[in-house]
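As written, the chain order gives the labels A, B, C and D, with residue 1 at the start of each chain.
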């Protein structure tokens, strides 16, 4: 079925941090490809101010405007359920990504965040040879992303009896808040060997450690440019710096766009499309830093064909396609 | 002396409460890092104090005066300043100038709404705050905000364990306290806040005093925004969200009378420390966010009820 | 109070209500002109359903402004009541009802405290806002819960001919108008805002008046919370946050004044719709959402500026 | 009702204190049904306070109230209202944001339930029609849109309106002050009819002619006590004035001396046949006289504003200071010490490098406190803790300390005791002699004797200019009721 005359709208709950800005950029790039390729007729972005009720009312407007599909990065996992049900009822395809919703009729483009916590904890435990004090910097309290990552971390560390989480703060995925929170508890904490983060908070954590005059622990980084360049800087010192960058890529908005398009086109799509996390290893660091402007967030741009392969992998429970690298960006 | 003595307890309360909370932290953490906890709380308190100082001046101008545009000004100034800096020290001056200009412009615009259009300050600044925030939103989509390293270093740098920025603003608070009590313009603000008619008949320039406080509030909000953005490595759209209510809370817990005419600049530090240390304490006790908020609310109402003098 | 120009002064109340009504009519005109399809049962229902909780939030604020106070805590209070509805009221209806009644009682007591201790309402309600939010977070640390079937059923009602939101809005405006503007007690309550001393001299208790109005405000807040829970089918401790400021704006845009007991339920409903529909109009004319706040601020300034011009003319 | 029956209301030894101010000191008073009691007395004599106590809105500090012979222990608004006691308060007590009929509803608790609006409308219309035929007031008008006179009419009509509760006493506290002449006559004529129906009236007015013409008995109040009671028939204006005021010989002062010609400090143009011109020179004390609320205060404010901005027909040369007798609302800064209240006008001179010099400020305040004999423990004492008279001295000290060329006095001796007043008069004379110009509005005619020239205001216009030599209280009272200056058809108002 052709989607050439269909429109797909993005309802984004919040545009105030660099991750979301990058996410919107990726959406625009994917939109550009889709429209110039004649695949869809039009797209639109609507941003809310991080309040569920405003996003709700914006989605209602989108329904009234007759969009064929609405892609949602949600302000609340549950508060939009009412309006999403209305959209589904009106025959509109709803695809949620990043900050998901629990509405059953919505398709979800999801990261496996429990897995993210597991990878982090395993990496830390291996690096410290199974013994050490860990500080956990969590995201926004009450979100499913935060609880999932936390769950993965805790259950993995349980396998290493000598790994201890000695402190836990909420950094809200924001450098400044993470810095404030970490700085607040650090004085009353023992020596810290490693910090597990949720991405976006690594730089602030590092700053807090420096301000407290503590040695640099092993910090798991996210994919902000400041984090990656900090890693590169630390790596230049004698002995280097051994860590990984693990995060959700803002380019997931392009996957969500293509998923919505595929559903409109009548393709078979599972209700939940799992997306692999973006992992950056030391050997890829320089190539990413080369394409990243200051303040940006590392992400690939996912194409329609890549997304088709991802959907197929999800349908058949096979391994997902390899994540595209920085070369997909210009 | 009698009057000063009678007034002292109004801002003393916040210091007492902060001291109690601090002692509790020392006990809970069994003394570990207690000086650091203090100096860090002081550093974060600084941002609240800067914004609170402006709010305090506005509130001092009398009933109905309140500046709800502070978060908007902070965000916009933070964005424009760090956007212009582009992460280089070369852009420092132009960035600072741009940010301060935002504060000045916002103060002037607020004044135009209040004095020319005669819109009640509360809605006037609410509306203008919407506009500043929205300008920041519009700007944010094509901006890369990165503070100049020099400014960032200033916001986190320390002298003898105390942040240089904190020292600077303790001095500014003191200057403000002196200015309010010992300059003619300051007395005009105090007089205006106690009784607008009497102030005018006593020969004070009432309109000028009102302009002064709103301009100061705009400028201070801009400074708070620039420094906060510099400290955080860049601006974000909701970096000032909590300042809407907190700027008022800091002022009121600090002992400033919401009825006007009776500011308490030293209390700003006490209350900002109190609110910051309260969070640290509850974090240490692994208390949920909800408890922290209830404690904050309880402190606000409690201090108010204790510190409000009861007439006949 | 200038005694002169009685004709102009007499016209001002009318102008104050005519201005927002005209603005609202213009907004509806634009919406229906751009998207005639919305002029349908389904369309109007969807366009206005969020106005239902918003209107009760504004009504609550109006009750408080009627006695020259300001409520900076109504938004979190609504969040709290929606959380109560999403959790307690679903799991244990009796406890839920009790909690809601206690919430209303707490509001009335807050009014009493403000009166007896002569505290500034703005600070007390600010402090209370943290308490409401804290309670909501303790009750529902992360969004979720459900909606009592009765409430969910109510918000999904499809009455014949007229969509539910219109009925609710009209009902709220009408009931508010009858109670506050038409009854003798309503006049007394409004009179407190106009000249408290005169009301007291006529033998009325100001403490009771303030507690009653705060209690009504609390009840309106509870209704808003219940409706919000019904629409969202879940609770969220931050869902009502923005009602605090928009409710103040709605009351003032709708012709209310901060002092003088000069408020009107019909104006408040109008003001709420204006604040709410701004976003829709912008969306339909394809203006970026970045500017939505600017337009809201601009509308506030224009409406209040015009009113000031009319007053000094 | 015979004379032997118990009076409708009997007040015994009623006293009332406001902080340190004793507003009433043991008043005994009977009010009889079917008669009108006129009460006169200087400003601040305690008339309104007494009325508020009768109306139940203010509890007495001590004393007893009996109605129809029965003592009422828990006397209060509700009790008074149930007994049919109504009061038209001096300051308007209508809710401006409500309509006329809604204000009626606030007073009558029985107006409720279905159709109360109609009943309230009917009630007030009937009452207005009865008292002020041809009033032209629509009960649906919002009170804020009514003129002051119309509001007063509404309030009076509301007091006389009756539901099931019958009216037995109506108190009119300066109710005619803002009524147009013929409305006042309508009201007073109506009270005759009401009295015939057995309703008692208490009537307070500064228009002596009204009191003399309409009251049955007259009580004179001075400084919180009753100094005279007499049937109206036995009194005339002169004797009443004599009872009210201390007739004091003008204190001796050397005429002229400092008085200079040259450019006047304040000069207001007159209007032909309407208003006389006004002029104040350096060294002069000029009085503004007339009944309260006839434009004197507004004139002072115009002069004050003219010192900063331009005003048509008003020239002001020199700096200006203002002293208000309304201390609470336009004088004292309640959070400030005596020192700061005094120095407020002189901060420019006290500053060095932009900073106020605390030592100089204290010295200035102490000097003036000593010079005016302000009774305060130290100048750091809160100004509001002083007695009214001493607070007033603080305001005077502020104005004098400012060193302004022109001093505007707005009834500055309100609530000030006799001794203090004398001190202030002497201070004013010295100040004028020092080359300053003083413009002095007073409601106490005795103070006019202190002035070099007196301008009498009536309905916003200057109707007479009386030089010191030609001054007589009688001429002031006559001009107070005039509607135009002598040249333009002098008419006596009634």
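Note that contacts are C-beta pairs under 8 Å (C-beta built on N, C-alpha and C of every residue); 3 or more make two chains touch, one makes a residue touch a chain.
No experiment lies behind these values; they were computed from the predicted model shown.
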Other chains in touch with both chain A and chain C: B
Relative to chain B, chain with the most remote C-alpha centre: D
Rounded Å distance, chain A centre to chain B centre (Cα mean): 34
Centre-of-Cα separation between chain D and chain B, whole angstrom: 46
Whole-Å gap between the CA centroids of chain A and chain D: 74
Computed distance of Cα centres, chain C from chain B, in Å: 29
Residues within chain D bordering two or more other chains: none
For chain A, residues that touch 2 or more chains besides their own: 47, 141
Sites on chain C at which at least two other chains make contact: 137, 141, 290, 293
All chain pairs that touch each other: A-B, A-C, B-C, B-D, C-D
Of all residues in chain B, those that touch chain C in their complex: 64, 66, 68, 113, 117-120, 122-124, 126-131, 133-135, 137-138, 141, 245, 248-249, 252, 258-259, 288-301, 304-305, 308, 310-311
Of all residues in chain A, those that touch chain C in their complex: 44-49, 51-54, 56-58, 60-66, 76-83, 85-86, 90, 102, 141-144, 147
Touching residues (chain side chain A, partner chain B) in the complex: 14-18, 21, 24, 47, 50, 141, 169, 174-176, 179-181, 183-189, 203-204, 207, 211-212, 226, 293-296
In the complex, chain B residues that touch chain D: 1-4, 6, 178, 182-184, 187, 190-191, 194-195, 197-199, 201-204, 261-262, 312
Chain C to chain D touching residues, read off their complex: 1, 3-4, 6, 9-10, 12-13, 182-185, 187-188, 190-191, 193-195, 197-204, 260-262
